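Chain nomenclature is as follows: A, B, C and D, assigned in order of appearance, with residue numbering initiated at 1 for each chain independently.
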Amino acid sequence: MPSMKPAKVGLRTRLFQLIFESDTPAAKAFDVVLVILIFLSVGIVMLNSIAEYHQQYGNYFFYIEWFITVIFTVELALRIYCLDKPLLYLKSFYGVIDVLSVLPTWLVLLFPGAHTLIVVRLLRALRLFRVLDMMTIEGEKRLLLDALLRSRHQIMLFLFTVLMLVTIFSSILYLIEPAEAGFSSIPTAIYWGIVTLTTVGYGDITPITPLGQFISVAIMLTGYSIIALPVGVFSAEVIRALRAERYSDEACPGCGRHHHERDARYCKFCGTWLDEETADPRARE
Amino acid sequence: MPSMKPAKVGLRTRLFQLIFESDTPAAKAFDVVLVILIFLSVGIVMLNSIAEYHQQYGNYFFYIEWFITVIFTVELALRIYCLDKPLLYLKSFYGVIDVLSVLPTWLVLLFPGAHTLIVVRLLRALRLFRVLDMMTIEGEKRLLLDALLRSRHQIMLFLFTVLMLVTIFSSILYLIEPAEAGFSSIPTAIYWGIVTLTTVGYGDITPITPLGQFISVAIMLTGYSIIALPVGVFSAEVIRALRAERYSDEACPGCGRHHHERDARYCKFCGTWLDEETADPRARE
Amino acid sequence: MPSMKPAKVGLRTRLFQLIFESDTPAAKAFDVVLVILIFLSVGIVMLNSIAEYHQQYGNYFFYIEWFITVIFTVELALRIYCLDKPLLYLKSFYGVIDVLSVLPTWLVLLFPGAHTLIVVRLLRALRLFRVLDMMTIEGEKRLLLDALLRSRHQIMLFLFTVLMLVTIFSSILYLIEPAEAGFSSIPTAIYWGIVTLTTVGYGDITPITPLGQFISVAIMLTGYSIIALPVGVFSAEVIRALRAERYSDEACPGCGRHHHERDARYCKFCGTWLDEETADPRARE
Amino acid sequence: MPSMKPAKVGLRTRLFQLIFESDTPAAKAFDVVLVILIFLSVGIVMLNSIAEYHQQYGNYFFYIEWFITVIFTVELALRIYCLDKPLLYLKSFYGVIDVLSVLPTWLVLLFPGAHTLIVVRLLRALRLFRVLDMMTIEGEKRLLLDALLRSRHQIMLFLFTVLMLVTIFSSILYLIEPAEAGFSSIPTAIYWGIVTLTTVGYGDITPITPLGQFISVAIMLTGYSIIALPVGVFSAEVIRALRAERYSDEACPGCGRHHHERDARYCKFCGTWLDEETADPRARE
């Protein structure tokens, strides 16, 4: 019956606005509930990992977990229901997250051994990004990502060089340090080298020979001052990104090209007068 | 008698100038005494926390503490007395600090058990900010706060993403590391993860499995290079703030060009008089 | 026979293109194989340093190592063969690396004692830089190196001053700290000082006297905030480099204004044709 | 005899050039010898602090030490001799260093107990700065110092706020952590707090209660991201200092004021045409 279709569409549309958008009060409330449930479920996974809490409140956690999982599953079903191309959604980043955030609990039902899967639930936290996306951080995120993309070559080159140096220096310590120092193999030495270069410095492995300590000092000073490279490059990129504002998005009336600086009066490509309100001073001549 | 009232007002005004302002020599002396007393009382709380000092000089500390508390109480009373709207002051940041800096000592008198309150006295240190505020740091503070406010979104987004990554990676280590490694629960693992990502690296918990060490290395390198993000964003904001402080955003009425320094009176490009309110002195010639 | 010479030349030319260039499919494949072999041989040196792996798969590693060494030796021979000035190549950075990456294995054949030389093989990793050089990182590398060169004086001065401070403060701790603290000699104290200043903080040596802890705190705060110097200088240099890359330093022949973007053909202020070599297309009209 | 006086003056002048300047080959050689002696004596103080070296080569060190001290004393005498105002020199930074670098050794002769004074010899290292000063680092040093001076207010405010936060948070840990955690007193807790905030993280004191670990995490994240403040401020100042180049040091022909930007064509103070070679376009009108 045609009378039903619009109704059905209406329902799907309303569901879509409720779940996927956040401009109506109902949708806002929906987001808030979602965020609370996400934090709740993540908190439970964490508390449940603490031995005594697990013993005392284990089954409460169990029930709450199932309660949340059912809600999330229904929500997932509704998302799929009110979309015209559910597959596209399921293949998207958030689609995968949504599936991953309910799957483990159901799987444990089938395979009791799949206990480690429980941790996968923590991926639910990633759902918070969707709510963030709906808020006004779009600009910030783009700025950061843009600057990251622009500086990725320098930063990768930087990391690669750093790893080279660490590999070579660490192997030297593997050779010169006695067994009790803990440099048991080259991979372990490299682990130590990165612990040192990044200035983490656990202290689980430390050089004891004077030469070893001297080389460590070299690695530390390198790691301490070489951080200037990514920071400098990234700062420069952020500044450039912030300055992008100084380009007007007006096109040149002469050649139609964009990317003119705000203080430009003539098109830098074809020399046309850019300010259409006033007359070109050269016209007088 | 009306003759008293002005006197009384005069007293309150003089007290106000003495306590709340710092442009008269007396007020300056008052501030100096205040700073000394603050440092003295904070120092005493600290020394008193050292066992042997407490035993030896405990009662000296006790007397000095009471001496300072009485002075601060009198000062607080005077502040309230010489203000027309004392409640507004008591609700303000500094009002709360002032009350908190005398209350604990009196409370201990009533409830001898309230020993932990003693530490609240350390909040007295916050009173130093008031003296700082009277000094010339206003500009610096505004610059820093302004840049912080402008970059808070990026930095919060940065912290949020970092916490996500740490949560997920740490839980993996909680799963793969054996009991003796110390990853006893997910919260503990996250504590370790932040200790590692921030390059603090206590070493109280360290991975011992090769895979665990490999993931730690990933966290370290992330934490080591990701610091570039807040630093870059903040640098950019400070640079923008410093520049904004130097250039006016007014356009030249003659050539419409921007980017004039605040102290500019004539356009540096076309020589036009910039201040449209007044007349160009050259016109007179 | 003259007929052979061109053929020979042709062979050398083709070899040259295959080995030293990377624009033909064959050359690209050659690079890929090279990269794989480098990673393989580096990985083997690492795995071989792990005791149990060495026992189980020691001889496999041995054979693979010889296989790779032979290939690299042949490659080196071909490189020398197809160059007109092989000596220049052998004296170059990559030439030395290429020799160092095959020599150790052969030397172990002659002197079985030269086991430590094995680690020299890790220098093979440096060969990866050659492949990187052929890729599009040239610009990034130049940018970083340029900024590093421009800021090297400041950074050296910075490191020198830092080392001074560390030397002096560390010696004080060597004097005041008791034996059990671990400050056994001034060099050791300096090692500790740099571990502290660079915020590595192993914790293998820590001050235990209050005065010692106070001085350490001074060193930490210095190291924590002084990092701003190299970072600030380097950021400034990168920003300058990025800007220089974007703006030409030519002045406009019409209005003498600077700060034109490199792709500008007309002055954005007065619309004058910037390229003085050629004629303004508009003149024709 | 008057004939001697010029000779004497000549000698003093020559000595002055030799010791205080570095433009003649002799003076350069003098500096080189000085640098070598400084490094030698500093090296000896260090080696002598290592127990076994002290036992084996103790008296060699003793003789070399005396040899260097005598040379430095003679040099000091000559410096005083060839100066017209020796007192001014002795009161200057380098004068004090010069005296301190010979005094301890002589004092030990008088008071054998003054062993700790030996370490004062390390201050000799500071003499290297004089040689550095004669080299071309003047510019770099000025740039760094200038930027440091300009940003000192922000950085002091930053350090002050940081110390506040650390004091308050650390005292909380002093209250909540059990004795075995090592927070034995508030000063110790503050020591731990700065070890944590500066991301040094020795691990000699670590929180063990969940709440304590939570607060530590807050301190770590603060210390990890707050470093952006001094770095950002300092970067901005360095960039401003580097940009100072963009101001021409030409004075305005009209009002004689300086500080015009390089791209300025008219004085921003009096509107006079700055470029004296060409004519003011406005003259035509």
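The criterion applied here is as follows: a residue touches a chain if its C-beta (ideal position, glycine included) is under 8 Å from a C-beta of that chain, and two chains touch if they have at least 3 such contacts.
These numbers come from a predicted model, not from an experiment.
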| item | value |
| --- | --- |
| Chains touching both chain C and chain D | A, B |
| Proportion of interface numbers common to chain A and chain B (over half same, under half different) | different |
| Chain pair with more C-beta contacts, B-C versus A-C | A-C |
| Chain at maximum distance from chain D, centres defined as averaged CA atoms | A |
| Centroid spacing, where centroids are CA-atom means, of chain A and chain C in whole angstrom | 29 |
| Whole-Å separation of chain centres (CA-atom averages), chain B against chain C | 41 |
| Residues within chain D bordering two or more other chains | 158, 187, 190, 199-203, 223, 227, 231, 233, 235-236, 239, 263, 265 |
| Footprint of chain D on chain C - complex, ascending | 153-154, 157-158, 160, 164, 167-168, 171-172, 174-175, 184-187, 190, 196, 199-203, 206, 210, 213-214, 216-217, 220-221, 223-225, 227-229, 231-233, 235-236, 239-240, 255-259 |
| Residue numbers on chain C that touch chain A, as the complex places them | 42, 45-46, 49-51, 116, 119, 122-123, 125-126, 128, 132, 136-137, 140-141, 143-144, 147-148, 155, 158-159, 187-188, 190-191, 194-195, 197-204, 223, 227, 230-231, 233-239, 241-242, 260-261, 263-273, 280, 282 |
| Touching residues (chain side chain B, partner chain C) in the complex | 199-203, 231, 235, 257, 269 |
